[in-house]
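First up is the structure itself, then whatever we jot down about it.
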C-alpha cells in the first residue's frame, strides 16, 4: 500500500497518531503536554483537510472523501480546537491528573465523526458511530467526583446505547432488504418501497434523532449539558449533532433525489415539535447551560426544517446553519465558562450587571445570543432566513411561520440574559478575569459570528457547492 | 412438523420465556442467570441458522463475558450495600402498552410481505469466509473496532478505578 | 390708484408683521407698552390700507389675486390670495377700524397688566386681526376655513388671557370646543363641496352655479354642513352657549371679537356663499327659523341678566339671530348691512361697558347707578349705542334693523317676522333697563339689592383719553351712519311695506317706555314682573338648561365613554395579549414535568417517538 | 422455517428488552434489557445473512457483539462509580438533574 | 448624480459615531455628546443635500448604490430614494438631531445610551433608503432591537393595577415595569417582523427571479391569491409597528416607559417605518391586494383614530396621553394610505412627517416637564404657563398641530386625508376621521389647559419651576420651526411626495 494512497485519509491518520501519542505520553506521565499536543494535532489535521483531494474513494469504496465529508471534518476539528481553547485552563484536579484520558477521548471521538461522515458502508458507519459515542460518555462523566456528572454520564449512556441498539436494528433490516451493507443501495431499495426497508429507515431516523437530540429523543441533552464540563459541552452541542445530520443526509438524502420526499412529513413534524418544545422549555430555565441546551434543541428543529425541504438549497442552508450555530453556541458556552470560572456559578444571577463589569465580555455574549436569536448582521439571522427560504421553496409556509414566531419566544429568554447583563446593576464592581486561551476562543467565535453576519456570501456559496454534489 | 421447525419453536419459547424472566424477575441474580439462558438460546438459534462460529462467539463473549461482568458488578454493589438487591419494575402498564404497540407494529410490518421461506444451501466454510471478510473487506472497521475497545476499556478503567 | 387687491392684502400683512415682531422679538414683547405701540402703528397702517382698498375699488368690479398653496399631481389643489370686492373691502374696513380702536382702548384698559402679559395680549390682538382680515378677503373656502380656525384660536387665547381665573380658563375651552364642533360641520361641508364642484374657489364656484353646472344632488347637505360652521361661530342656537361665557375675557376683546368681528364671521360666510344657499331653499328656511329662535331666546335671557357684559353678550347673540333670519329670508344684503352697523355700535357699547366696569370694578348693574353724574361722557356714548341698537331713527341700527324686518316680511316668513318684532321690543327693553340701572335711577346704596361691594363706593370717573377717544369715534360714526342713512334712504333690494317703519320704531319706543316705567319710575315692580312671567323667568335664569345639557349630558357622557374605552384597552385588549404571553410562560413550566430526570423515562420517550414513527411508516 | 419467523422472534425479544429498559428500577437491570435488545439485533442479522446466503450479516454480528461487550463494560463501570459516590444503583434515585 | 455614496454616508454616519462613542469616548461624557451630534449633523446635512439634489422632474428612484452581498441568492446592498423616502430621511435627521440635544442631560451610562440611540437611527435610515427587501428587513430589525436596552436601562416604571378578567396574567408578566414595557415592545415588533419575513420570502419564491430588488418585483404582477395573503402579512407585520388596532398596546406602555429621546425617535420615526412599509411594500408591490384589502385597512384606521383619541382622553398620565394620541394619528396615516387617492396618499405621507415632528416635540416637552417636576400626573400639575412660558408655548403649538389647526403641519395632512377619504370608495371614512380630529382638540386642549393655561397648582413642589434652557431650546426650536414651516408652506413637502405618489397611484389603479 503506497504512501500517497493514504493522502486521502491524511486527516484521520493525523488524528489517530495524535491519539496514540497522547495516550502514550499519558502512560509515561507527561500529562501536561497532552493539551498542547492535541491542539497541534487538531491544527495539523485541520490543515490537512484542505489538501485532501475531493471525491477520493479508498478501502474498496467504503470510504469517500467528498465535499460534504471534508466540510464536516473541518467543522468537527475546528469546533474541537475551539473547545480545547476553553478546556486548556480548566483547573479541576481531574484535568491535572488525567488530562491524557480527556484528550485521548476527545481525539478518538473526533476521529469517529470523521470516519462517520466518510463511511459509505453500514458496518463502518455503525462502528464509527460507536467510536464517536463511547468517548463522549467518558468525557461527560469526566469530573467523576462530582455528584451529578456521573449521573449525567449514566443517563447519556443508557439512552445512547438504547438508541445504538435501535440504529443497528434498523441497519439489520436495511441490510436484510438490500442484501448488502453498501449505502448506495439504499435509494434503489427505497424506491421499490419494501415495507421492511421503510421500517429499517424509520428505526435509523429514530436512532439518529437521538444523536441530534430531536424531540422526543432529546431528553438526555439538558441533563448532560448541565453536568458536563462547559468547554466539552460547547463542542458536544455542535459536533455530534453535525455528524448526526451528515449521517441523515447520507442515509436519506444522498442519491435519493425526489424519492426522499416520502420522509418530508415525518421530518417536518419532527422539526416543528423540536422547535416548539425546545423554545418553550428554555423559557423557565435558571441555569444558563440548561437554557442553552434547550435553545440548542430548538436550533436542531430549525436545521431539521432545512433538511425537511429535501432540496439542494435546503441541505445547503442546513449546513450554513450548522456553521453559524457552531460559532454562536460555542461562543456563548465559552463565555459561560469564563463567568463560571470567576463567579463559580452557572446561574443566571451570575450575569448581573456584567455590562458594567466587563463590557466587552457582555457585548460578545449579547452578540452570541442575538446570533442564536437570529438577529440581523450576525450569522444566526442569515442561517434562520436561509432555512426558512429553503422551506418556503417547498411551500412549507406553516412551518416557516411557526419557526418565525418561535424566534420571538427564543428572543424572550435570550433577552432575559441581556437584561441581567445590561439592565440590572452589578453585585461586584471588579471586572471578570478571562484567561488568554479562553479570550482567544471567544474572539474566534466572535469573528466567525460577525464575519458570517456581515458578509455571508462566501459561506453560502460554499454550502451550496457542497450540497450540490449530493444532488448531482 | 420438521425437526427444524420443532427446534425453532422450542428455542423460541425458551428465548422469549427467559427474556421475559430477565426483565421481570424480582431477584437480580436470577435475572442475570435468565439472561445467560437467553443468550444460550440465541446461540442455539445461530446453530439452527448454521452459524456455528457465531454461536461459539455468542457463548464465549456473551454468556461468558457479559454475565461474568454483570455478576461481578452485582457482587460489588451488593457487598457495598450489604443486602441482596431486590429488583422491581415501575410503570409496568405504560411500558407494556408502549412496547406491545411497538412489537405489534414491527411484527405486522414484517408479515406484510412474505420473505423467502427457505434458506439457500450453505456453501463453503462460513467461519473462514467471516475471517477473510474481516481481514480484507472489513479491515478498516476492524481496526477502528480495536481503537473503540481501547477507548471503551479506558473509559471503564477511568470510571471504575477507586483512586483519586 | 393702486390695485385694490394688493391694498386689501397689505392690511392683514401689516398685522402679521406686528405679530411676528412681537412673537420673535422677545424683549420688545416683554417691554409691554413699547410692543403695544408697534402693534397699534401697524393697525393704523392697516386701517389706511383698508380704507384705500375700499375707495380704490369701484362699483362691482372684482380684484382677485391668488397663489398656489397646495399643489397636487402637477395641478393646483388649493390657492391662497385675496378677493377684493365691495363686500369684502367694506368688511375689511370695519375690522381694521374696530381692531385699531380696540388696541388703542386697551392701552388704557389694561394699563396695570404686567408687562409681558401686555405684550402677549397685543401679539394675540395682531394675530387675530390678521386672521380675521384673511378670512374677510379669502378668495376660496379653504383659506376662509384656515383663517376661520385661526380666529377661533385667537378667541380661545384672548378669552383665556387671564387664565389664572378658573372661569376664564374654562370659558376659553368652552368657546373653542363649541365653535370647533361647528367647524367640524364646515370642514365636512367644504370637503363634500370639493368633491361636488372640484374647486374651493368662490369665484369659480359662483360661475359654476351661474351656469347651473353644479350638480344639485346632496347640495342641501353640503350647505347645511357649511351652515353648521356658521352656527358655531355666530353663536346660533344651540351652540350659542359659549358666547356669554366668553365675557370672562378682557372687555376690549369682547368688543372686538365677540361683538364686532369674529362672531359675525358666520353671517359673513353665509353672505359670501348666498348664491350657493339660494340653490337650497330648505336649508335657508332652517337658517331663518333658527335665527329667529336664537334672537328670541337670547333676548329673553338678556332681560334677566344683571351683569352688564352678559346683557350685551346676549344682545349680540340675539342680533346675530336677526342677521341670520334675514339671510334665511334670502336677503343676505340686509343681514350684511346690519352686520356692519351692529359691528360699530356693539363695539361702542362694549367699550362703554368696559369704561363703566373700569370705573366701578364690577360687572354687576346693581353695583352701578347714577353713573351719568360721575361719568357723563361714557353715559352719552353708551346711550347713543343703546339707541342705535334699539333701532331709533337717526341712529346707527335704525335702517339696518328695519331692512331686516322688511326682508323677513318680503321673504314671506310671517312667523319669524313676528318673533323679530317681539325681539325688537325686548331689545329696547333690556338695553334701557341697563341704561336706567347704570346711569340713572337710584344710587347703588339704595338699590334693593344686598349691600354693594366696596368697589361701587370708590368714586367712579370718566376714563382716560386713550379709552374715551375710541368711544367718541365709534359714537360719532354710528350717529353718522344713522343720520346718513336716515336722510339718503338707499334703494333696498326690495320694497318693504310702508307700515313697517312706523311699526318697528313704535315697538322700540314701547320697549324703552316700558323699561322707563319699570326701572326708572318703578311704577311697575321688577319683581312683580318676574313673578308674572315666573316660568319664563325661571327658564331664562337657567339659560333654558342648554348649558346644563351640554355640560351634564354631553361632556360627562363623552368622558365616561372614554374611560370605558380606556379600561377595555388596558384590561381586555392588552389583557388578552398578556394572557397569551402568560400562557406561553406557563406552558414552559408545565413541560418541564416531562423532563423527570429518570433515565427510564427518557428511553420511554425514545420508545414512544419510535412507535409513532413506525406507525406513520405503517399507514403512510 | 421462514425468515419472517426469525424476524418476528427477534422483534419480540427486542421489544422485551426495551420493556426492561423502560421499567427496571435497578440500573443493572436496565443494562440487562439493553443486552437483550442488542441480542435480538444479532438474531436479525444472522437470519438475514443466512437467508441471503451472504456472509456480511455474520461479520456485522461479530462487530455488534464486540461493541456490545465494550458498552456493557463501560456501563457497569459507570454504575459502580455512581454507586460509590451516590450509594445507590436505583435509576429512580438518580434524578438530581431534571426539569 | 455624483459618485459620492451620499445615502450610505447618511445611513452609516450614526453607526460610525456609535462605534467611536462606544470604544473611544469612554467616560468622557461631553465628547460623547459632541461625537453623537457630529454623526447626527452629517446625516442631517446629507439628507438635506439629497432633498435639494433630487431631480424632481425625473422623479422615480435616484441616488442608486449597489453592491452584491450574496450573489448566489441575489441579495445585494441596493440603496435609492424616491420622494417619500427623501421626506422620511429628512424627518429622521431632524428628530435625531433634536433628540441628541433633548437627551443632553442624560447622566447615567450616557456613552452606551448614545451608542444605542445612534445604532437605532442607522437602522431607521436603512429601512427608508434600501430597495432590496432583504436589506430592508435587516435594517428593520436593527431599528427595533436597541429599544429593548434603551427602555430597559434608561426607562421609567409606570403604575398599572392588575385587575379585570386577565388580572392574573398581568401579575405573571410583571406589567408596568420598564422591563415589561421594553420586552413587550421588542417582542411585539419582532412578532410583526415574523410576518414580514414570511411575506418577503413568499414574494421571492413566487417571483422566481434571483433577486430581492424592489424594482424587479415592481415589474412583476404577482398571482392574486398570493398577493392577498402576502399583503395581509405585510399589513399585520408593519401594521404592528404602525400601532394598528388591536396590535397597538405596545405603544402606550413602551412610549410611556421610554426615556425622552427614545420616545421621540420611536413615536416620531419608528412608527413611520410601519406605515412606510405598508405603503412601500404593500401598496407598491401588491396593488391588486391593496385594492381588495383597502376596506379593512381603512376601517381599522378609523377605529384607531376614534379609539385612540378616546383612550387618550381618559388618561391621567401625560406620557400615556401622548402615546395614545400617536395611536390615533397613525390611524390618520393608515387611513390616507387606504383611500388610494392622490390626496389621501399625499395626506398619509405628509401626516407621517407632521406626526413625526409633532410627537417628537411632544415627547421632548414631556421629558422636560418630567425632568423639572418629576411628575407625569396631569391633574397634579397646573398653571405652569407663567413659570415656563417657553415650554408652554411649544406644547400648545404642538397640541394645535395635533388637533389639526391650520398653519401647522397637522392641518395640511389631516385635510388632505379627509379629502382623500371622501373621494375614496368608502366615503363614510370621512366622518370618523373628522370626529377623531375633534376629539383630539378636546383632550389636547384639556391637558394643555390643565397643565399650562389654567389656575396654578397649589402643590409646593410646583411653585418654582425653571423654563427650558440652552440645548433644550435648540431641540424645541428646531421642531417648532419645522412644524410651522411645513404648515405654512406645505408645498415644500408635497413636491417630493407627489413625485412618488403619482406613479404609485397609477400602478394601484392601473389594473
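Letters A, B, C, D and E mark the chains in the order given here, with residues in each chain numbered from 1 onward.
Simple rule for what comes next: a contact is a pair of C-beta atoms (placed from the backbone, for glycine too) under 8 Å apart; a residue touches a chain by one contact, two chains touch by 3 or more.
Remember, it's a predicted structure, so these values are computed and weren't measured experimentally.
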{"item": "Common touching chains of chain D and chain C", "value": "A, B"}
{"item": "Pair sharing more residue contacts (C-beta pairs) when A-E is set against B-D", "value": "B-D"}
{"item": "Chain occupying the middle, per Cα centroid", "value": "E"}
{"item": "Most distant chain from chain D, judged by the mean position of its C-alpha atoms", "value": "C"}
{"item": "Reference chain A; chain at largest CA-centroid distance", "value": "C"}
{"item": "Whole-Å gap between the CA centroids of chain A and chain D", "value": "26"}
{"item": "Distance from the mean Cα position of chain E to that of chain D, given in whole angstrom", "value": "64"}
{"item": "Euclidean distance of C-alpha centroids - chain C vs chain E, Å", "value": "37"}
{"item": "Centroid distance [mean C-alpha coordinates] between chain C and chain B, Å", "value": "103"}
{"item": "Two or more partner chains touched - positions in chain D", "value": "7, 14, 17-18, 21-24, 27, 30-31, 47, 52, 56, 59, 63, 67, 70-71, 74, 78-79, 81, 91-92, 94, 96-99"}
{"item": "Chain E residues counted as touching two or more neighbouring chains", "value": "187"}
{"item": "Per-residue overlap in chain A, given as positions that touch at least 2 other chains", "value": "123, 127, 130, 134, 137-138, 141, 144-145, 150, 153-155, 158, 162, 166, 195-196, 198-199, 222-223, 284"}
{"item": "Chain-to-chain touches, reported pairwise for every pair that qualifies", "value": "A-B, A-C, A-D, A-E, B-C, B-D, C-D, C-E"}
{"item": "Touching residues on chain E, where the partner in the complex is chain C", "value": "160, 163-170, 172-173, 175, 184, 187-188, 245-246, 249, 253, 307, 310-311, 313-315, 342-343, 346, 383, 385-386, 389, 400, 405-407, 411-412, 415-416, 418-419, 422-423, 430-431, 434-435, 437-438, 441-442, 445-446, 449, 453-456, 490-491, 494-495, 498, 501-502"}
{"item": "Sites on chain C touched by chain D in the complex", "value": "592, 595-600, 603-604, 607"}
{"item": "Residue ranges of chain C touching chain B (in the complex, touch as defined)", "value": "600, 604, 607-608, 610-611, 614-615, 617-618"}
{"item": "Contact footprint of chain A on chain C as seen in their complex", "value": "584-585, 587-589, 591-592, 594-595, 597, 599, 601-603, 605-606, 608-610, 613-614, 616-617, 620"}
{"item": "Chain E partner contacts - residues on chain C that touch it in the complex", "value": "68-74, 77, 116, 142, 145-147, 149-150, 153, 156, 160, 163-166, 169, 172-173, 176-177, 180-181, 184, 187-188, 191-192, 194-195, 558-559, 561-563, 565-567, 569-579, 581-583, 585-586"}
